[in-house]
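Please read the structure below before turning to the comments.
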Amino acid sequence: MTFTATMIVFALVGALAFVGSIFTVRSSKLVHAVLWLGVTLGMTAILFVQLGAPFLAGIQLLLYVGGVMTLMIFGVLLTKRDGDSELKTEEPSRERGALIALAVFAVLAGTIWLGRDALQRTAVPSLGTGWLGTSLLTRHLVAFEALSALLLAAMIGAIVIARRRDPDQPSEPKES
Amino acid sequence: MTLTTCLILSAALFSVGLYGLLTRRHAVGILLSIEVMANAANLNFVAFAHYGGASWGQAFALFVLGLTVAEVAIGLALVMLLFRSHKDVLVDLANAFKH
Amino acid sequence: MNLHDLRVLTLDIGVALSAILVLLVDLVLPAARRKLTAPLAALLLTAVLVASFFVDTTGTTAWGAYSGSAGTLFFQRLFLAAGIVGILGGMAHVAKQTRFRQGEYYFLLLCSLAGMTLLPGVRDLILLLISFELMGLPLYVLAAYEKSAGDPQGRGARASEAGIKLYLVGAASTAIALFGLSYLAGVAGGTSFHALQTAHHTRLFALGAVLVLAGIGFKLGVAPFHMWVPDTYEGAPGPFVAFLSAAPKAAAIAALCAVFFTGLGQHQADWAPAMAGLAFLTMFVGSILAIPQKNVRRLLAYSGVAHVGYMLLAFATGTTDGLAMVLFYAVAYVATNVGAFLVAHAVAADSGDDLATGLRGLHKRSPWLAVALLVFLLSLAGIPFVAGFWAKLYVFVAAWKVVGPMRGFMHVLVAVGAVLSVVALFFYMQLARAAYMEDPPDEKPVRVAFGLRVAIVACLVAVVGIGAYPGPLLEASHAAAAKFEAPSPRPIPLTARWLRMNDPSPPRLVRGGFLINGEHVSDGPGMNHHTVLGD
Amino acid sequence: MTTPMWALIAVFAPLASALLLAVLAPIRRRGGLAAAVSITFALASLVGAIFAVIGTLHAGGSDWTRSWLASGGALPLSVTFGVHVDGVSAPMLAVVALVATCVQLFSTGYLDDESSASRGRYFAYQSLFLFSMQLLVAAPNLLQLFFGWEIVGATSYLLIGYWYKKPSAARAAVKAFWVTKFADMGLLIGLVALFGFTGSFEWTAQLAPAAATAVTLLFVLAVMGKSAQFPLHVWLPDAMEGPTPVSALLHAATMVAAGVYLVVRAQPLFAQAPFTQHFLAYLGAGTALFAALLALVQTDLKRVLAYSTCSQLGYMLAALGAGSAFAGFFHLTTHAFFKALLFLAAGSVIHAVGSNEMSKMGGLWKKMPLTMLVFIAGAFSLAGFPGFAGFFSKDLIIDSLSEHHLWAPYAALLLGAFLTALYMGRAILLTFFGPHESHEAEHAHEPGWSMKLPLIVLALLSVGAGFFGGDLWHLASLTDYVHGVYHFRFGAVASVLALSGFVVAWVAWGKTREEPALARSLAAFANRAWVDRLYVFGYRAGLLLVSDVAAWIDRYIVDALVNVVGSFFLLGARRARRLQTGNVQDYLFAMSLGAIALAVWSIWR
């Protein structure tokens, strides 16, 4: 077994993504957790490039690291209480969570490992971004349209529940 | 770098996300964990696509990205709402239905 | 995609356009007239429902990702009817409690409905995921719709809590299902159901299947994924719960039909035992946990969980007959459950009391409302002459007739189901007792808004009608179930297999089809181009 | 009009009345009018049934069925709905309608203290009950029979709990509901199984031996609940909390008979299951003896009759178990008359005295001679006094058991016959003879004509119905269900036993109202034998139910069982509820656990 450059990069990036994810779920400061999530997502983007999906990697960086993470940071800061930077998890739930996570990993990895022979596939060069676009306008057209409806619904829904006061409402909100 | 190693990496990411899901008390923290899990699924899609030969995996991942954005938007709005009504976002304190 | 293809999607497009229209009309209406959006939404849905009887929506469209048939139509009509009843039932409440956000309420409800109407016809995993979420996301918002500032005990606070719980559990289950989908599609080598049908069976594939089952099971309220159900039902707005408890569950059943029956029909051995086990657990948990409940909504929530267990029992048979019984049960359940919740809401809206004590002496206050409640309870309990009895009987019969290795287990499950249906009587009778055999706190009749009254009567007519003459519905569900049957296993087309192995040059889109290595693949109805794009 | 049309009238006239009373509140609220409507339609039902009997006598049985459901698909689920008139169902329709009419007429006098609105409710229930019973009787298949069976159960709940403000009545109604409902499960599963095996709900279906045994045993479970057989008989004595006419109708003549009727109807199925038949014979004979013993030591007049009903139903089931459907069916009809009579007469006494306790009665023969006469007629019929109706039918049952060499049940039934005479003698003596035991008893008087008339009609039938046994036998033509033909061998032994029973009763209670040593020691023995075990059981279960040692021990045992089962569910529910903490992460935890279990199960299965 020879170590190629690809493998070394994969190992490094994969390890970083993993470490990032650990810190995302363990970091006691939520803002740090968001940043660590950024690391994980960025590393995944690099993996995407390695796996022949550079377009997707770009989207990942733009959408996630650019958009979602900003949103998240806003979310963290807007819901911050005074003296609330420390967010300790309770001990019993931590052990419980670790147990479940390990069990899940064991089941998943075990299944993959047992079936690894069937997964011996050779890498195939990607069909390219144009092909992706074609599929969006053919087979996945309905899904594409449904997704746009979904995004619209999400936008309106988020606005409706997040805004403090409804338009046309009397200035001092008095709801039941 | 084979399909198997990619899948195992994503399984590990998924498990870590699950851990966060079960231990984070802050609602935004749970959201972050769910993002980690979705990201793991995306890695699967892309890996299968790369080693499978067709583009469906990338298309799937693209849709998942769009979906996650919508989910996060709703999630954060709900977190704001919770914060405003309870002055708190620790999910185990929001507990009116303890029976 | 020509016009012929769009015709298949008429109903879905109709619902989506209705949603947009409601939103636009809401923008132009003056604040005082906002309550007109509700009748508008109901009217539009009625138009779509009527259209479903005149437009032929059978056929396959979107390069095989969506397929309309009698089976999809069966579900779509059910969803539309549930949507209309849900809107009518909630009109007054929405106009009163969330006066300034009515248009958005109906917009979101219709968006959710659009997702539902897509679900039974999906033949592609991506479309499945997106329509499932299109159904689910608006529901999270609607559950938290009654907001209030600063009062942690108020109705709004409870709604926000209900919403965030529904959201967190829902998003987590989506993530789990997504992970399962990645395995399913990955092993099958494609997102189309055809790829699933022809996939090689591996452990990873089975793992993916049960993870997807867990994800759908969440929406369905299958134990142990049911725990959000009572909390959300208790906190969310009353008439919305009537809708939430019925339509999304039926939609999740539709998704189960599509994925597990059509897509994974050849891999029954993977999911049928798990489904049977879940059916047992769900029946058991739902029936037993309903006993100590004092709150009517929580009680009905658990009873709904139990009913899902009965549906799963028939589903686990894996036979087309069993599926027909699931469809029958779904209709009976939707009619009954919406009705029961609406009655509970009508009483609670009047007295502000969600506990069973609120129903006390209903017989003396509003005899007709009490009769409606009694009929719904009888149907839920499965007493003869109302819809619920046939549903339960048919499910038991279908489960009993299973052949194969699961036969003995299914017989045990039928016995357990029968025992639990007796246990269930206990809590239904508690409600009936309160309504009929106790004295009311006051003799004032319950005020029921007009729309709510219409909705309750519609449910009552459906429940009694199905009970008195179940024949047509039974035939319709048999016909619909037959459409969900997976095609007999076929070998993977050569082109696809070849494409998956070594792909020197990407296919080129040409006029009327695709060009793969010089071979022209036509755009006509056939498998080839599906496999090119999807597999 | 054809025979089935008359039967249709017999079935649906009460439904019309029930709907009328349900929808037209003004009629219902005026009690007298409601009673008139209900009785008129009950009479219509009776007339229809009588014409159905006449038609069957002349032209034999016939059916009127309509396909209700003809299902598509691979599952051949087709259900017919209608009436099936033959020599069994037509007389049964007539008996039910007759008893119901008498009871409704009697009720108008009995319930004259009630408010008119609540009387209207009562007659609406009565009509609904009559409809469901007729639906059951005329059912052309087991599914329709099940329909009737369920509605009968539901309406009996309403009728027992008629005085729902009385806690004991509400409790009794709930108990009756639960016990019979639990048993009904057997019928539901049995139906599903029958359909699964044969693809139809017909009672003439042919089954494999094992399947036949399984299905019929499930049916027997339902019969045990409905017809109050040991150990599911517990609800019947409690159900005496309802108004006495209700007891007469439901707990003597009709509803409890439904179980026996089911076995008569499903005789072709039972004939394929010898094990079930044997079980039934022993079960019936055992209950007959057991309940007769308990009837001997009751102090409540209605409870004596209630246990006597258990006992007599045991006789019928024993006959059916022996394969003699006609004997069981014959006793079913005669029993309907004399037991309804006894209950109504008891109702007349209770109405006059205002108490169920025999210790409050005594010496009533001077005040209520007619009531005494009809009560004695009923008692003689029940005890099998030669020449009375019960004599013929009961002897036929005992005879059929000896024919089939079922000697243990035979002996039990003979002993039961002696005990029957004994406890009825005791009841007569304590109620009508001796000194007045209470102020009310001194001032008792005969009821009005609305109550007397049904008593007289039923008394005539109790005396004379036995002589029509031969005609009924020809009409029912149940011989094809039994092996060989029975003769009316008038059992000298049984007559002697019955007579000696009365003599012993006279010796024991004729001069004194003291419980004789025999009865006391019997009661004491029963108590002592069970008490220790009961305490251990109660202690272990943590349910110290024993508070009243004088109360009946058998009811404790079975009550305790019922409670343990109930509290098992309640405790389980409470414990499981603790999982529902309201904390979303606990939910997620349960979800993940479930997903893992699911995954492991489906992969490493």
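The first chain written gets the first letter, and so on, giving A, B, C and D; residue counts start at 1 in each chain.
Convention: a contact is a pair of C-beta atoms (placed from the backbone, for glycine too) under 8 Å apart; a residue touches a chain by one contact, two chains touch by 3 or more.
These figures come from a predicted structure and were not determined experimentally.
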Shared touching partners of chain B and chain C are A, D
Argmin over chains of |mean CA - global mean CA| returns C
Would you kindly tell me how far, in whole Å, the mean C-alpha position of chain B lies from that of chain A?
-> 5
Separation of mean Cα positions, chain D and chain A [Å, integer] | 68
Chain C and chain D, separation of their C-alpha mean positions in angstrom = 44
Expressed in whole Å, how far the mean CA point of chain A lies from that of chain C is 28
Note: chain B residues in touch with at least two other chains are 14, 17-18, 21-23, 25, 27, 31, 47, 52-54, 56, 59, 63, 67, 70-71, 74, 77-79, 81, 84, 87, 91, 94-97, 99
When you check chain D against every other chain, which residues touch at least two of them?
-> 577, 580, 582, 584-585, 588-589, 592-593, 595, 599, 603
Within chain A, the set of residues that touch 2 or more other chains is 93, 96-97, 100, 104, 107-108, 111-112, 119, 124, 127, 131, 135, 140, 143, 147, 150, 153-154, 157-158, 161, 164
Based on the touch definition given at the start, go ahead and assign the chain network to line, ring, star, complete or other.
-> complete
In the complex with chain D, residue positions of chain C that touch it = 164-165, 168-169, 172-173, 176, 203, 206-207, 209-211, 213-214, 218, 223-225, 227-228, 230-231, 270-271, 273-274, 277-278, 285, 288-289, 291-292, 319-321, 324, 367, 383-385, 393-394, 396-398, 400-401, 411, 414-415, 418-419, 421-423, 425-426, 429, 437, 469-471, 474-475, 478-479, 481-482
For the chain D and chain B complex, residues of the former touching the latter | 577, 580-585, 588-589, 592
Touch list for chain A against partner chain D, complex | 93, 96-97, 100, 103-104, 107, 111
Chain D contacts chain C in the complex at 25, 68-75, 77, 146-147, 150-151, 154, 161, 164, 170, 174, 177-178, 181-182, 184-185, 188-189, 191-193, 195-196, 569-570, 572-574, 576-577, 579-580, 582, 584, 586-588, 590-591, 593-595, 598-599, 601-603, 605
Within their complex, state which residues of chain B touch chain D.
-> 18, 21-23, 25, 91-92, 94-99
